[in-house]
Structures are given as C-alpha cells and as structure tokens.
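Once you scroll down, you'll see the structures, which are given as structure tokens.
Here chain A shows up in two complexes: once beside chain B, once beside chain C.
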Partner chain A sequence: MSIQKLKDEAARALGRKDVKYLIGYKKGSYGFRVSPAFIEPKEDVDQLIMSPLCNMSLVKYVMMEEALPSLTEQAKKPSKIAIVARGCDSRAINLLLEEKGVPREKLYIIGVSCTGAIDQRKIEARFPQVTEPAEVTEENGNYIINVNGQVHTVPKEELLADLCKLCRYPTPVIYDKLIGDKLPTKPFHYDEIKAFEALPLEERLAFWQQQFTKCVRCYACRNVCPLCYSTICSLESLTPQWLRRSVDTSENFMFQIIRTFHLAGRCIGCGECERVCPMNLPLMKLNRKLAQDAKLLFGYDSGTDPKAKPLLTTFHSEDPQDFIL
Partner chain B sequence: MLRKLLEFSGINPQRLQMSWVSASEGKKFADVITGITKELKEIGPQNAYLREAV
Partner chain C sequence: MDVFTLKKDSLQDFLSTLSAAYQLWAPLQKDGDTLFEPVLDCRNNLPDLDHQAKIIKHAIFPQTEPLFSYDQNDQIQAPGFGDMKQAVLFGVRPCDARSLTLLDQVFAGDVPDPYYMSRRDKAILIGIACTDPFANCFCTSVGGTPCGREGLDLLCTDLGNRYLVAVLSEKGKEIINKASSLFTAAPAEDIKRGAELAQNAERGIRRHIDLAGVTDTLGKIFEHPVWKKMTLKCIGCGICTYTCPTCYCFDIQDEPMAKKRGRRVRVWDSCMYKEYTLHASGHNPRPTRIERLKNRIYHKFKFNVDTHGAFGCVGCGRCITLCPVNEDIIENLLAVKGAA
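After this line comes the complex of A and B, so read on.
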C-alpha cells in the first residue's frame, strides 16, 4: 500500500466538517518505536506513517475519549474521530459496535490492509542498543531496515510477530475507506491450543503456576486492551474485594482468570496484552483458548459482524448444556 | 466456558459444577449437594493456589 494514498485519505477525512481529529501512527523518537499521532489540522498529515513497525492498536484511544461536560458544548464540536485501523483493529471496532460501546456515527474508519507487524522484542534482540529512530519497509518477503544510515535486509519470517502469523483477517472487516488491496481471509486454526490441551492436567497446572508466579500485576494488559473499557473494574473493587492487592501466585492466578474470562467470546486476538507484558506472560494462550471455544461450541467469531449479538448475552436452546448436572 | 478455561489452566474441572434446583425441589437439592461433596472428597483438597495466610 502506498503511504501517499493514506495521507491523501487522511487529509480528505480531516477536511470533512464532522471530523474532530484523526488517530494514526507517526515516527517514534527512539529506536524501533512508533508513536500514536493525533492530528487536527490537515496540514499535519505528513507526519503519518504506516510501516511494519506499527504494531500497536489505536482503538483504545477511541475509548479513552473524554466527553465534554455539557451537551451544548458537545454539540458545538464536530463529533467524529477518524482512525487508521488494521485488520485486528477493525475487529475490535466491530466488537465495540456490537456491544454498543461506541456508536458507529462517532467513527470514520480508514482501513489499511496489513501484512503483519514486527515483534518489538525480536527486532530489539536483533539490533540491540538502537537509539536513533529507525525506518523499516517491506519488500518481497523481506524487511529493509535502515538503522543509523546502514541498510539491512532481514527475512520477514524472523521478525514477524507470532500472532501476526496466525492472523485470519489481514484486511479490515469494517471501514469507510480501504487503502491497499484486499488480502484473502485465512482459515480458522488453533493447533497450538489443541496441543496444549492434550497435555496431562498436572503438566498444565505446573506450566501456569510457573507463569503466574512471574506476573507483577502492573495491569498493563488490562489497560492496553481495546475491549477493557469498564469504568468500574472488579480488579479494583473493595466491596466486595475479589482479589487482594498482594502479588502472589494465588492472587495472580485469580487476576488472570478474571481478566481472561471478561474477554470470553470478546477477545479479537490483537495480542496487545502480550505485547505490553513486561514479564512476557503467554496471555494470548488463555485468550485464544476461549476464542477457540466460542467458535467450536457456539460457532461465534468475535468482531466479524457488527450486527451480531455479544456471545455471552444471548441464549439459544441449541447451546451446549452438558455441564449442567 | 469458565469450566473449560479452568481445565486449560490445570484445575480439575470437577471442582466447578452447576445445576438448576428450584426452591420446591428439596430432595434434588440434597442429592446434588451429596453428590458434589462425595466427588470432591474423592479428588481431595486443591493446594496449588492456596492463598497465603496474612
């Protein structure tokens, strides 16, 4: 896809009377980081970039939008937010629409076909101690990386984020304008979850005990999740106190089970939680397990249809009930 | 789904059971509770995620 097309489209979106500002990516100030860009005047669209380094989800910023205090003031301001959305972001938006978390009229979605993002940890391991902002482009299955004036070519497979390899919807499923070609949808596969399920109970327990011991309870996974937008969170509730503040295996386990279960039938698999986790917990393993169950038990694929009903709010007489005594 | 998630994270799924019992079904309630306690006694206590005493 061409960056000029994105800039033109962004300028056109900002030219509309009803669009307040645009959320996109801009060049970061350090190493392989990119920053979110909030663009108001349309002359600033030149800041926008779209590269394999753009690995963060911008949907969270839509949910963090603060409403003006009074309705009259709200009416004075144009209401729409334009957002640059990749495949996974568009699914998150779809789910928010499904849950009525955000109204469709509030969004102007510029869809971008995405061929996968780079894993920050992998590229930083490959090129350590890079302080100057680097540039990366993709060409014929390779990443062309420009670090400190030196150009490196690295095969895409080596740096691509693991979750992007499993991505099923590289093309946005909802958009007002699409930039780039439509890429084919990939089939449903959860092989690594199946393999883990096949392990004996004790081994699974030992694996998760070891993982949850590492958790420092920074709640970054919750804060970054585009779908965790409740204003009252059970993790912070004191009456009743569902879990204690102490960081130990039992509380961490409780925290992760609560967090995962709140995403049951909702998680769209963007992998933000895993990306920001400072302790490298395999959180997507839990999320993907529930996504797999939602698909296999209920035939529900989260975030693919904005008109669908949220899974856990619906009941059908054909739903499996074998767990009831 | 919660049951599947717990099973996935290494908890015996027998520990979480669900049943519908109406207030008028006293006998069924007794049966369900007896059944569950019997099964749980067979599995024994879960020591993996014990809360530390404060």
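After this line comes the complex of A and C, so read on.
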C-alpha cells in the first residue's frame, strides 16, 4: 500500500466542503507507538502514516465526538468526518449504520486494505525499553524493523496480533475510496472457542474467576469499543445501581457479562477491548463465543452488510428455537 | 549508615524469613504480567524485578475498602486494626516509595485516615534501585532519581551475583537483624560500584521535560484551546489514574449485603469518569473529556503544588506506557508549556 496514495486521498477528502476533519494515524510519542491523528488543514496530511504498527480502531472517535458548545456553532461546521478504516473498522462502521448509530452521510470512509497489525505487547517484549521512534514495514512475510538505527528482520507470524490471524475481511467492506489491493476473504473458524467450550465447566469457571479477579474496572474495554455508544451506560446507572462500585470477582463477573452480552450478535471482532486491557484479560474469548453463536445459529455475520437488520431486532420463523425452554 | 551485601543465592532464604514474620508483598509474574501481590510461595515464585509492576498503591490503599457494616438496628461494626500483621513490601521502585510520601500528605495529614494509616504505619519498604530505567521513566524531571532513597527502609542495588543493601531506617535495621546471617558488611569497592551505578542510572533516563514554571503557566491557560487539542484522542478510561501511584481519589458507597446488613465501602474513583463530578441535579461541571483530562494535569502540576508544595507525579511513566491511545503526559506538558 502506498502511503502517498493515502495522503493524496486524505488531502482530497479534506478539500471537500462537507468534510470537517480527518481521523487517521500518525507517529506516536515514543518507540513502537502510533497515535490517532485528527487532521483539519490539508497541509497536515503529511503527518499521516499507515504501517503494521497501526493497531488501533479509530471508529470510536466518531461516536465520542464532544458536542460543540452551541447549536449555532454546530450548524456552521460541515458535517462529515473522514476516517481511515481497515477491514475490521469498516465492519464496525457497517454495524453502526445497521443500528442507525451513525448516519452514512456523516462519514467519508477511506478504506485501507490491511494485512494485519502488530501486537504491541509482542513487539515491546521482543525489543524492550525502546524510546526512540521506531519504524516497521512489511516485506515478503517479514517485518523489517528499524529501531535505534539498526535494522531487524522478524517473521511476521511472530509479531502479528493473534486476532489478525483470524481476520476474515482484510479489505474494507464499505468505503468511499479504497487504497490498496482487494484481498481475499478468509474462511470462518472458531477452533479456539470450540476447544475452550470442550473443557469441563469447573475448569472454565476457574479460568474466568482467575481472570476477572484481575480486572480493575478501568472501563477501557467499554470506552474503546466502537459499538459501546450508549449515552447512558447501564454500568453508570445509579437508580437502580446495576453494578456495585466495589471491585471484586463477583462484581467484575457482572460487569464483564453485561459488557459481553451487549455485544451479542454485534461484536465485529476488532479486538480493541483485549488490546487496551491493562490487565491483559482475554476478552475476545467471550466476544468470539457470541459471534460464533450468531454465525452458527442464525448465519449472521455482524457488520458485513450495511443493509442487514441487527440480529437481535429481527425474528424469522425458521430461526432455531430449541434453546427456548 | 550501614551497608551490607546479600548474595542473590540467599534471596530466597531472605524472603522466606520475611514471609514467616511479615505479610510479604512483591512484584510477581502472573499470566505474563507483573503484578504487585502478596507472596504466597516464595520458594517457587521469586519476585520479578525486571519489569514494572502494573499497580502498586493497592498494597497500602486498596481499591475496595469496607469502612464499616451496619444492620437495621443501627448496629455498626467497624474493622479493628490492632491485629493487622506488619507488611514488608519488597522490590519497591524509588519513584513508588516517593509516591507513598505524596499519599501521606493526603491521608496522614492533620486528620490521619485510620484505614490508610493502619497499613502505612505497618509497612516496611525494601526498594530496588532502577539501575536500568524503563522506557518511559521521567523521575528526574519531577524531582526524583532512579536510585533515590526517599521513603524507603532498605535499598537494594543489583551488583550481578549479589545485592548491595543500604540500611535507611530503624525499620530497615530490624529487617536485617531478622536474617543477619545472610548479610555481610559490604566491601568498599561494592559501595563505590553502587554509587557509580546510581550515577549511570540517571543518564539511563531517556525521557525528560523541564517543568520550571509549569505551575505558573497552568495558572494562566485554563481556557486555552490546547486542552481540546490534547484531549481528542483520550478515550476517557481509568487506566492512567488507576495505575498512577499518586492518584488517590475515591468514592464512598453504601451497599446492601446478605442477612439484612449493609456496608459502607471506599472504592477508587477516577477523575476521567463522567460519574466523578456528576451532581445529584444531573448537572456535570466537567461535562466532557476535555475538562477531565485538564483536571488530571492541573491536579498533578498545579493544585498539588499549591496545596502540598510538590508535583503530584513521581515520573514512573505508567500512564504513558499503559495508555492504549498514546496519550502521553510528557507531550501534554510540552503542549502546556507551548501555550504559555
């Protein structure tokens, strides 16, 4: 993928009268980090980067835009946000469109074909304590890593985020402009979920108990999720208080169950929740279980078709019913 | 001041002695993470001194603390602190030890907080000098140093096959006495080596910011557009505040329990949350992430200076390392300086 093409396309988008700003990636403040970039004047598009280090979803920023102070000021501003979207991000956008969470007219989508992102934890474990900005490119199944003036070649497999290995839609499924080649869609499999489901109940319970005991309820998993956009979140409700503010294994279970169930038939599998978790909870194990059920029971593949109806708002007489008591 | 040598081979014996007499805490590996936890088995789970523990303050200031419980007949039960075991916190970084002296300004001031004090008074801190600082350490920019001694009872410096152990307080001496057979008086060359390492460590700090005048600047730029700009990427989670060793904000809640009892608990709160400043009326004086992020920086670099005479930051770098969207407090402070 050519970065110049992305910059040109971004400049073109910002040149449109109806686009107020663009959300993309820029170099982070240190080491292997990248930062979200919010670009207004088109001269700033030179900041934009696209590399295997671009591992975060930017879709949430569309949903968290702070309201401007007055309606008059709001009315003066053009309405569209341009956004750089990879395959998974485009699925999140699709789902938001399905749910009418965001109107299509509000977005100008610059789709980018994505061959997978690097897991920050893996690369920082491999090259610890790097403060100088590092650069990574992908070539023939390897990452070429330029750090502190030295060039390292590492097989892609070793640093690629685990979820990207499961990615089925590397090419965006919705976009206004596409950059990069169309990559083939990959087959569906949930082997690791099936393996986990095969474990005895006690073992699974013990596993989650150990995991949820670590949760500190920073809510990063909720806040980063492009599909968690309720204006009043049940976790913050005070009357009734569904969730105690006490942090213990039992309340943490409750929290994670609420969070996961709100993503039933919705999660598009970007893995942001798992990426941001400071305690490294394997949250995608829960999300992918629900995605698997949505697929196997209802043939529903969230976020792949903007014209689809959200799974849990529809009923078909041929829907499986044998799980209803 | 006494300085001893402890062979690394003897560390396990030393820790076993400590765990027999004290509640021992240390940075431990758990599922690939380093967490500061009570040591349950010091034979098979040696402290991880190569990584920064994610959170440390919960050893003294737990995330959830029951204050008292009550029933429908106004029978109140408060915890007794008398029989609480003395605790040894092993592997504390100098910045984290300093952070406790900052928490003391809040909890051990004119009206000491009995819950905090019950742990603080009984905690003995064994530090580990940061001879090889982490990527985002910036302690030297906020008045600390990677091999600093403030707040510690013992300071261990890694000399390869042994530790140089400096005794810094009476409590520290007490610890050495518990296992005196494991310690030998440090030879002069070890002491010299320790001093050299401490000097080199300062040079090993890779991130810096000159904060002279930043408090005055903050006094002048409350309404500056820089705040909105630096907040755009913040997702408003609590990672920075919960992992911060100097953040101490809490909420107090009443919770129902079984058998018609209830309890009042104190739980960590975060100024990054909407609920933090939400009024009963529904009004929120910090309605967006902009005001919330701004508050975090004001608290650490202005309000704390105004109230307690020191920055409310020890430069441990956790908020930078653990932020999932690269919100970087050094960059934020540079932006503040630029707005002057």
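The rule we apply is simple: the second predicted complex is superposed on the first by the 316 of 325 C-alpha atoms of A that agree within 3 Å, B and C clash if a C-alpha of one lies under 4 Å from a C-alpha of the other, contacts with A are read in each partner's own complex, and residues count from 1 in each chain.
The rule we apply is simple: contacts are C-beta pairs under 8 Å (C-beta built on N, C-alpha and C of every residue); 3 or more make two chains touch, one makes a residue touch a chain.
What you see is a predicted model; the values in this text were computed from it and never measured.
When both complexes are overlaid on chain A, the residue A:236 reaches chain C alone and has no touch with chain B. Once chain A of one complex is fitted onto chain A of the other, the partner contacts of A:190 are absent, as it touches neither chain B nor chain C. In the overlay built on the shared chain, the residue A:205 is in contact with chain B alone; chain C does not reach it. Looking at the shared chain after the overlay, A:61 reaches chain C, while chain B stays out of its contact range.
In the superposed model, A:248 makes contact with both chain B and chain C. Contact with chain B, but none with chain C, is seen for A:261 once the two complexes are overlaid on the shared chain. Once the two complexes are laid over each other on the shared chain, residue contacts for A:275 go to chain C alone; chain B is not touched. Common to the chain B and chain C interfaces on chain A are residues 244, 246, 248.
On chain A, the positions that touch chain C within their shared complex are 28-31, 33-36, 38, 56, 60-61, 64, 66-67, 128-131, 210, 214, 216-220, 222-224, 236, 244-248, 275-276, 278-280. Chain contact summary for the complex, chain B toward chain A: residues 1-12, 17-20, 32, 35, 48-52, 54. Residues of chain A that touch chain B in their complex: 196-197, 201-209, 244, 246, 248-251, 253-254, 257, 260-261, 264-265, 286, 289-290, 293-294, 297, 312, 323-325. Chain C makes touch with chain A in their complex at residues 30-33, 35, 54-55, 63-64, 132, 134-136, 206-207, 232-233, 235-239, 242-243, 251, 253, 255, 265, 267-270, 273-275, 288-290, 320, 322, 324-326, 328, 330-331.
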